[in-house]
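Accompanying notes for the structure given below.
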Amino acid sequence: MTPSTADSPTVVRADGRAPDQLRPISITRGWSKQAEGSALIEFGNTRVLCTASFTEGVPRWLKGEGRGWVTAEYAMLPRATNTRSDRESVKGRIGGRTHEISRLIGRSLRSIIDTQALGENTIVLDCDVLQADGGTRTAAITGAFVALAEAIRWAKEKGLVERGADPLVDTVSAVSVGIIDGVPMLDLPYVEDVRAETDMNVVVTGSGKFVEVQGTAEGAPFDRDELDSLLDLALLGTAQLADIQRETLAEALR
Amino acid sequence: MTPSTADSPTVVRADGRAPDQLRPISITRGWSKQAEGSALIEFGNTRVLCTASFTEGVPRWLKGEGRGWVTAEYAMLPRATNTRSDRESVKGRIGGRTHEISRLIGRSLRSIIDTQALGENTIVLDCDVLQADGGTRTAAITGAFVALAEAIRWAKEKGLVERGADPLVDTVSAVSVGIIDGVPMLDLPYVEDVRAETDMNVVVTGSGKFVEVQGTAEGAPFDRDELDSLLDLALLGTAQLADIQRETLAEALR
Amino acid sequence: MTPSTADSPTVVRADGRAPDQLRPISITRGWSKQAEGSALIEFGNTRVLCTASFTEGVPRWLKGEGRGWVTAEYAMLPRATNTRSDRESVKGRIGGRTHEISRLIGRSLRSIIDTQALGENTIVLDCDVLQADGGTRTAAITGAFVALAEAIRWAKEKGLVERGADPLVDTVSAVSVGIIDGVPMLDLPYVEDVRAETDMNVVVTGSGKFVEVQGTAEGAPFDRDELDSLLDLALLGTAQLADIQRETLAEALR
Amino acid sequence: MTPSTADSPTVVRADGRAPDQLRPISITRGWSKQAEGSALIEFGNTRVLCTASFTEGVPRWLKGEGRGWVTAEYAMLPRATNTRSDRESVKGRIGGRTHEISRLIGRSLRSIIDTQALGENTIVLDCDVLQADGGTRTAAITGAFVALAEAIRWAKEKGLVERGADPLVDTVSAVSVGIIDGVPMLDLPYVEDVRAETDMNVVVTGSGKFVEVQGTAEGAPFDRDELDSLLDLALLGTAQLADIQRETLAEALR
Amino acid sequence: MTPSTADSPTVVRADGRAPDQLRPISITRGWSKQAEGSALIEFGNTRVLCTASFTEGVPRWLKGEGRGWVTAEYAMLPRATNTRSDRESVKGRIGGRTHEISRLIGRSLRSIIDTQALGENTIVLDCDVLQADGGTRTAAITGAFVALAEAIRWAKEKGLVERGADPLVDTVSAVSVGIIDGVPMLDLPYVEDVRAETDMNVVVTGSGKFVEVQGTAEGAPFDRDELDSLLDLALLGTAQLADIQRETLAEALR
Amino acid sequence: MTPSTADSPTVVRADGRAPDQLRPISITRGWSKQAEGSALIEFGNTRVLCTASFTEGVPRWLKGEGRGWVTAEYAMLPRATNTRSDRESVKGRIGGRTHEISRLIGRSLRSIIDTQALGENTIVLDCDVLQADGGTRTAAITGAFVALAEAIRWAKEKGLVERGADPLVDTVSAVSVGIIDGVPMLDLPYVEDVRAETDMNVVVTGSGKFVEVQGTAEGAPFDRDELDSLLDLALLGTAQLADIQRETLAEALR
């Protein structure tokens, strides 16, 4: 039991969850037949298709260094949300939010990759939000990890990565946390996200270390205690996500 | 029995189908919780998510004419195919093929819409290919019709379209046909599509009339007899697709 | 005499033509002094400048295969039409219609080219509509063939293509046909094009085989009989265009 | 006789002209049936199609001031020149040279327009180079003036500009001059243009006043005497062009 | 004295600073004569020009709500850095990093603005990096606050914001912190930034509350203790920056 | 004393200058620590930061010719002017004016460069207007020359350009001149620039020869006498600018 829930024992959320409870999480491995690794991940009604594309060779700026490269692209289908948005391909340019999240996913995955062990290979993670209900970036990171792990297993089987090498140093998952009406809460759906005074996305490794901490005061600035409560909740949630990832990949990581 | 199969009784395709047989077809209505209408359609391994977004009002050039507007956008996820393609949003522009297919879908759907009965409302169909194995544009048209019908039913229930009005004049579906090693075949998967001498996409209404006939000699130009055999096959296939659509929508069209 | 004219013996069109009659056709070879091949083609008031640019070498993806490449780009001057359109260069992107027609012209010309005989050379056809009055894509294909033939003759004379080789397998031309007030008609000018219930562009080789059949129901879907009448008319018109091309190129193809 | 020719009496140019002689000039009024005014102008082998599009109303920033607007767009067909250039529409942006020339043409034409007399109307001049052999911008200005005059005559006849009003204050034409091997020369074709040490484009009204003087030292910087010789030549050439414009428009300006 | 320095008493940085020491900070108010508010801010060799542009009215989506809008754009001159980068205007699009930082600056400033008190007015902060040596985004936020305060003072004097109203709720500043060779350090110049295992940008109000916490594990993921040390340092640094801001604005905030 | 001032002895300008007087000129060498050469130049309130980036090698089209390349890019900060302009990077394309001025600066600098002596090296001049008050392009040329000279001196010291070689053939500077209320005036600030009937930018070498003469009749076309007066003034002003450049660079050119 986290300090935050101790402070607000009677809070029940619109969807019936306790403040420190994740939404129902589902990960379907191998949803795509075309990609080297793939996962359809659901955090409640948020649904993200993550594919991992493995190619031999690295971008020009990395050639000859004996190291691999992992990067990511995030996007949303135009009608993933409640009202339709114009396609970025039609607008002719990628928005700031899309860029920001793509970069976040890439950094998060690279944090648990041993690029030396990967060899001169590139893995691109595509995270396409098919349905959005808050927490799309954290679902994307969590699902992309599974697709990535699958692609690496595939590459080992094909002999494209040395069998002895272990490019995956750890697992990584992410969750959103926020303060609503003064109560710290875990894994915000859209209706909570828009009401949150403070909103934080936290990326954590399977061993419980921080990869990214991105906290934003949407309403009032927050103090040190609130920050600490949110970090507690995030560690709680990512630990559960790491368990689900491990179960999903049971064979893959053996 | 079509003339084409009569001419080649012993042909068996790589996937075990007869020349005049469709792949397994599956349509899942309401796959998206956000859109006014939606369908996930599968032609074998080809998988397209079609959503219909209904909005009141019409584009500026149509205002005040008492008529509605239906349009479509087609796109492919970067890893829908066997090798990854760059995103059109990243390239900053939409390719010719994408444009061409979006326009085809839009025209096909408008052919069975009574825009007067729709009133001054707009429906945008988004057809996003999640997995591609040939025939994505024909699957998109066939699935988009279902999403469109759902959105219109929704609009009637909401009173946004008059209950008495019937904007849907007919159903519409599409299928690809082609000549491979001299044999006309129905509903080509990718491996057949690349080998076809002639490739034709045919859009047909539920009452068996042509909306679009787009035949292309990829290899040798074709003669009138070959054209006739392909049209026969296309009518056969679209009639079956129309049945599946009707079953799927049973309640909706009542 | 085609079935269509038999059915409607008394129809006279706004410009005085019979339903199965082409507009006055004019092809001026060598209109441009700069290009390796060129033709200014006129279908009535439609006027398209076609130039062929021959360069040694092929695009990267074709290198070392011993085959050549033929491609095309179509565009319209901003005031080719009755009201001025914005330039695509100013808008910063090419519209779907432009893309679609460029691709159609390229495919049509490649259908009568033996790329092996062409050797590792590239020919780019630019078709710029100087004045538009319906049928610009069919005039472009018909004129581009002449420019292409000229460029190949030029290349043979320069020794860039082997004298013995014959990259031109056949001729190719195109014409539009459509149904207006129930009557199938050949070679539609703009005023007829906007009124047509069904509109079809047909590309045919000199030997009478189909390269492309692109039929669209602009108004009501069309049945098999109507389709057949339109194909008859298209074969009639393209046979006449092939004759005009042959006369124009008399020396070139000897 | 200009000082420059006096200094070099024996110079004969590659095309047989004297240093102070224009190339053969031809202006065909009404080349386009679609535009309100048009002219196909030729300076030797340079061939530019100029169309004037008249529309009622003005850009937003000029509304309600009782004045009209005249602007211009210049472009080159991809194979107007000796080697093919990529289309600016394909590259997705307009090059600096194109921008620069469009602005120059617009300023030149506005210099002889009484925008008050034009009323709240807009005229867009499109100058498309069909064939290029040096001096395309000066041919464009000279031809665009004719198209502009035609469009204004058309507008008066339609009653869109008051019959008593005279939006055309003067005529305007332009010519290039340059110093080659120390000799000032008039109206440079491409082969001379690339060799010129100094290159100057001069825009002059029918009454002999300067609108634009754009001199550039491509090779060695030039001194005051050279500048004076070039200006003399330019005045000589533009006076002849003004005569040709006046003859062409004889009826129009009456 | 922070825990971090206690842990590493003998660490001296390349530029001679102690781990918990800021670089020399300089803020020049009113550097631009054109803007309503401006500041040239220097964090060591990092030099950012911040201008505030005040305009009456708000973006369309905010009209009629009685609230104002504050937004920001960040950019770098091409040769602000040690090697020249291509201009984003030449590349035709804004990079992900630029987008991300612009959004961060905007959110940071909005956190201390009472938009009601601002009235229906818009202030755009432009932060252009003239010279870059690490910490450009934190310098930009700190300097932009000063430009913003100036613009608000200007608006009050002009009567565009009510004299009694106080749109500035607090001050805001930002600083970077990071762990290098295991030692937490404050305000990283470029040479330290590239070596940091963990890098964090922290935005804090004058009253010591967090607005943004953006921590990234560039190398190894970090634990809770490291995170705490970094937050301590950031609070120390931003408190000093707030003092400098207050002195700079002494008259303005009176 | 120039003819122009003789004609109008009593004219005093808004800022107290005589018609033939420059604004206060200031050049700060080495304003940027990052670039190989730099200068912050001020013509009154116009303030331009010029940096020179030296790189070994040349663009592809110049490779192997033993010659170097000098080019320039001009831009304005969004709030350099009295009202804010949108960034060209945000608009996604560079405007015509920006292109035009960048090209002018590049040509001006190349006119005094011996590219053979420069060797296969490239120097890019970035001229960013930090504050604009008329004459930004002429200030940019004048300041860019100083940055260029600095970069060449740097390259000689580094041995990247042969010590004996002298890539700088001459100095170059530029000034604007114009006719206001019939009086020719030197070095126009913004308030004069918008009122000028004729506006001319003149680029002159240290030895008094013309590199560029760009005169535009903004209002009424101008005659030969007016042109001569403006050229006199421009020679007067650029001679003074050349002196200031020489003093600034005293050591560099030794």
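Each chain gets a letter, A, B, C, D, E and F, in the order it is written, and its residues are counted from 1.
Methods note: a residue touches a chain if its C-beta (ideal position, glycine included) is under 8 Å from a C-beta of that chain, and two chains touch if they have at least 3 such contacts.
What you see is a predicted model, and the numbers here were worked out from it, not measured in a lab.
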{"item": "Partner chains that chain C and chain D have in common", "value": "none"}
{"item": "Distance-maximising chain from chain F - centres being C-alpha averages", "value": "B"}
{"item": "Option reproducing the contacts of A-B, where over half of them reappear, out of B-C, C-D or D-F", "value": "C-D"}
{"item": "Chain centre separation in whole Å, for chain F relative to chain A (CA means)", "value": "52"}
{"item": "CA centroid of chain C to CA centroid of chain E, Å", "value": "61"}
{"item": "Multi-partner residues of chain A (each touching 2 or more other chains)", "value": "92-94"}
{"item": "Chain contact graph, described as a line, ring, star, complete graph or other shape", "value": "ring"}
{"item": "Running round the ring (origin chain D, first step to chain F), the chains in order", "value": "D, F, E, A, B, C"}
{"item": "Residue ranges of chain F in contact with chain E within the complex", "value": "32-35, 38, 45, 49, 51, 53, 55, 73, 75, 77-84, 87-94, 98, 124, 126, 128, 130-132"}
{"item": "Chain D residues within the chain F interface of the complex", "value": "93-97, 99-100, 102-103, 107, 111, 170, 200, 204-205, 207-217, 220-224, 227, 231"}
